[in-house]
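So that we are looking at the same thing, I have put the structure below in structure tokens.
Read from first to last, the chains carry the letters A, B, C and D; within each, the first residue is number 1.
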Amino acid sequence: MPAQRTTPIRVTVWGENRHERVDESVGRIYPDGMHTTIAGGIVEHLGDGCVVRTATLDDPEHGLTDEVLEQTDVLTWWGHAAHDEVRDDVVERVHRHVLSGMGLVVLHSGHWSKVFTTLMGTSCTLSRRAAHDRELVWTVDPTHPITEGVPNPIIIDAQEMYGETFDIPAPDELIFISSFTGGEVFRSGCTFRRGHGKIFFFSPGDQDYPVYHHADVRRVIANGVVWVKSDRPRTLPTLLRYETDDFFNGHGYTGPIESQEEQAHAPTN
Amino acid sequence: MPAQRTTPIRVTVWGENRHERVDESVGRIYPDGMHTTIAGGIVEHLGDGCVVRTATLDDPEHGLTDEVLEQTDVLTWWGHAAHDEVRDDVVERVHRHVLSGMGLVVLHSGHWSKVFTTLMGTSCTLSRRAAHDRELVWTVDPTHPITEGVPNPIIIDAQEMYGETFDIPAPDELIFISSFTGGEVFRSGCTFRRGHGKIFFFSPGDQDYPVYHHADVRRVIANGVVWVKSDRPRTLPTLLRYETDDFFNGHGYTGPIESQEEQAHAPTN
Amino acid sequence: MPAQRTTPIRVTVWGENRHERVDESVGRIYPDGMHTTIAGGIVEHLGDGCVVRTATLDDPEHGLTDEVLEQTDVLTWWGHAAHDEVRDDVVERVHRHVLSGMGLVVLHSGHWSKVFTTLMGTSCTLSRRAAHDRELVWTVDPTHPITEGVPNPIIIDAQEMYGETFDIPAPDELIFISSFTGGEVFRSGCTFRRGHGKIFFFSPGDQDYPVYHHADVRRVIANGVVWVKSDRPRTLPTLLRYETDDFFNGHGYTGPIESQEEQAHAPTN
Amino acid sequence: MPAQRTTPIRVTVWGENRHERVDESVGRIYPDGMHTTIAGGIVEHLGDGCVVRTATLDDPEHGLTDEVLEQTDVLTWWGHAAHDEVRDDVVERVHRHVLSGMGLVVLHSGHWSKVFTTLMGTSCTLSRRAAHDRELVWTVDPTHPITEGVPNPIIIDAQEMYGETFDIPAPDELIFISSFTGGEVFRSGCTFRRGHGKIFFFSPGDQDYPVYHHADVRRVIANGVVWVKSDRPRTLPTLLRYETDDFFNGHGYTGPIESQEEQAHAPTN
């Protein structure tokens, strides 16, 4: 295969950026915000292969205008304390871009974001314990690209606990299962395809512990960014109407009653 | 196993009931409304094993109050021309009941209902041709309870066409694949689990053709009703917080910041 | 639904029955053999709803003649030390019956039996530690019939460890995930459909610990027996040849070259 | 991302090569054997990105020695009339290499090869009609890499029919569904992961019709070759034993009874 120069992946790292400013102990771990640390981990691994920007809740339109999303190949999402403050129109916009092919990496407490629950259709609830735990992240799918270069298990010495039952649809691929000090387990790495978009959920990562400084966690997130990136032009799935024996020239939806009228005049085969 | 008397399945058949009254030709096929014909097919097969009521769009709250849903084991859904008229609060209510364990059978153009798209998280778009087609419904999962007593293929002589690409999450189980006169194919029988609820989508059925009078289609719908029925008490999945080494006495969510304060006072292990 | 009397499920519990006689400590835990204890747990829960027999490695044809298998709705399999002694023709016979619709429950070290590896097509290897562990069995699929009446988690105080990566195909349904004292995790309850047969793999259970006396483990196995039982007549999937426009009268395979000759004389459409 | 030079994919195209020599009409379509035509299609699309060799049934050891397989990243398999002549030891060898990470593309009647049925664990039977049909290959998973550059549907004007029910395990990914002139449907493009290996089954292709000269079919096969290629070193999944609190230094299996003895001397935690 000849030498090839790949276009860099355009990544937008979205962070809620509230804990960091409200809680001093979080601010010490993530002095520039968790989003900056997460962005740093992606650049660390992908280098020139990515162009990373960040956006936060308090930016106008949360930093997620149509213009930004159109130029975003992969969006990563971290939120926790302020899920409710995310505007519904922005959620709808992100949802539409994911269905159109934008990749999405959902991190940790992002499991309960409006964006993720809208895509999953379930409550995305789980069990948790906000005390000091050791998390072990085990690989279940050892040849998946997202596991490349990652030890089995990943050992995270300080972490809160997320446990089953995690109310999500059965994932398309189950990649990681974690266990915690108390003996709990969690499906911590899952992929989903929705519309034309690929989604990777990865649970390790917390505001109270320096998980996003962990070398293996950073590697997994970078791998996830590469994996969810689509190679196709962005297009929203649409409902198309075809004439008999035509497979390639469908036209858009014209409403249920109108199409009946059309049908009345259409030749039957 | 000793003789057992099973409690009848309480079914609510929901129908939009608009085409039947607007379009004379539809009214001739379904003089009492499609919902009545669908309900009749379920009773025909389940007999004393079910108690069936119907509800329609023009009923107060679309006939789907909390009281009705609490007493509904299985809801079937047919809509087409008036998806947009279904109130968002009723959609939210149905969604909550499905996640809590109410079974759902989504029929034909119900693929584009707010209820189904909310549960799927995708656009649920497809290709279609509203002309006279023969549909063949092939069994892919021959031992699934939903296929019991059903010929392979089911032959439906008059039907419109639904074709791929159907924008749904990969189903948990793919049961039927249909083909049409024009050579199109469609994943016409799929199951999904969402929260505590089971969902069966079955595409054959149309207002312009007498598909709900077809013996095999009626059998599949009745089988689907039995299959989606839950045997568990209805409960919404909830986010629970646990103390160390307790697995059984989780308490409810108290908010992200509060739980941090609790954590500050919690013993660490 | 009227009162109904269901035909009892005919269960054959197969046990290798070697450890029990070689190792005194195993004999103390299972004085009549593990198969007898397992059979007892099934009867305890299903009562008149089942008829259970046992068969062991040292029986003629391992107790698994065609006559026995034809009258077996569900076979449970436990083996460990003597997988290699199981005759290939018996494995082939069991395999054929599973593909024809016999239910199969594979227990613990049965993961490495010829029967299971033949059905899976993979190595079915895993990680293990034969030391004293606590196993917690967590429910991932809370509405699955196999989890009915089972606490979440099941706590097994004395157990060896089975850990990931478990080399199996992605299961059709993932029901339980276990964790162990050392922090390992394992997909401990999985279902698979193969041919017309349903398979449930359940890993808790060991010769060195009294796991098959554990109330919840017994309940899960009994639930599994009910779940894998087929309601259809036993038939082996076969390759069928059809004439144009006939869907229901396929005839058996007559060989690749012969069918070419037939084709030469067949009308083309 | 800097310019990168990827190592070419080493492909071995295996062909039974019997029909071509026995049946004059097949010889006219594939004068150098079907394997040569298939190999040509792969080179046509991957160019310098692949190195392709061919091997056939009548080569010593069917051309599939350990040396050849060790240097094969991806094996494609076409067989039909002589599945039974493939030596069991070669099947075992290919199976082992797939579980170790060699990619496998199974073509058309290869569905009934020993290699494929061993990997699937099922009968892999289907319905068929060896008459002239039009096949339409529809895309179900529109963003899968295997569908890149492929029209939806692919139109194959001359083809025999393969129909459901196809007795395979539920595929990990369903990519294509075909329909035929008679109205039959078939899951014609499926992926499976087994051990460390990826498998793509693609049914279009037949000895009696020039399907392997079809531009889109050639593209799909080339895409499949790229997709099943593993990026990891080839290793067979193995059963490993660990000591307490060690996760990374498992040692090999030493037998069921021996490990018991070890256990007697092992410290318990």
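Following the convention adopted for this analysis, contacts are C-beta pairs under 8 Å (C-beta built on N, C-alpha and C of every residue); 3 or more make two chains touch, one makes a residue touch a chain.
All values derive from a computational prediction rather than experimental measurement.
Visitor: Name, by label, each chain that touches both members of the pair chain A and chain D.
Guide: Expected: B, C.
Visitor: For the sequence-identical pair chain C and chain D, what is the superposition rotation angle on Cα atoms, to the nearest 5 degrees?
Guide: 180
Visitor: CA centre of chain A versus CA centre of chain B: separation in Å?
Guide: Roughly 28 Å, centre to centre.
Visitor: Just curious, how far off is chain C from chain A if you go by their C-alpha centres, in Å?
Guide: It comes to 37 Å between the two C-alpha centres.
Visitor: Got the chain C residues that touch at least 2 other chains?
Guide: Within chain C, the residues that touch at least two other chains are 136, 141-142, 152-153, 163, 165, 170, 172-173, 181, 183-184, 193, 247.
Visitor: For chain A, which residues count as touching chain D in their complex?
Guide: Where chain A meets chain D, its residues are 1-6, 8, 46-50, 101, 136, 141-143, 145, 148, 151-153, 155, 172-173, 193, 196-198, 230-232, 247-248.
Visitor: Which stretch or stretches of chain A touch chain C in the complex?
Guide: 134, 136, 138-142, 152-153, 163-166, 170, 173-174, 177-179, 181, 183-185, 187
Visitor: Quick one: which bits of chain C touch chain D in the complex? Just the residue numbers, please.
Guide: 19, 22-23, 80-81, 95, 99, 109, 112, 118-123, 125-133, 161, 163, 165, 167, 169-170, 172, 181-184, 192-195, 208, 236-245, 247, 250, 256-257, 259-260, 262-263, 266-269
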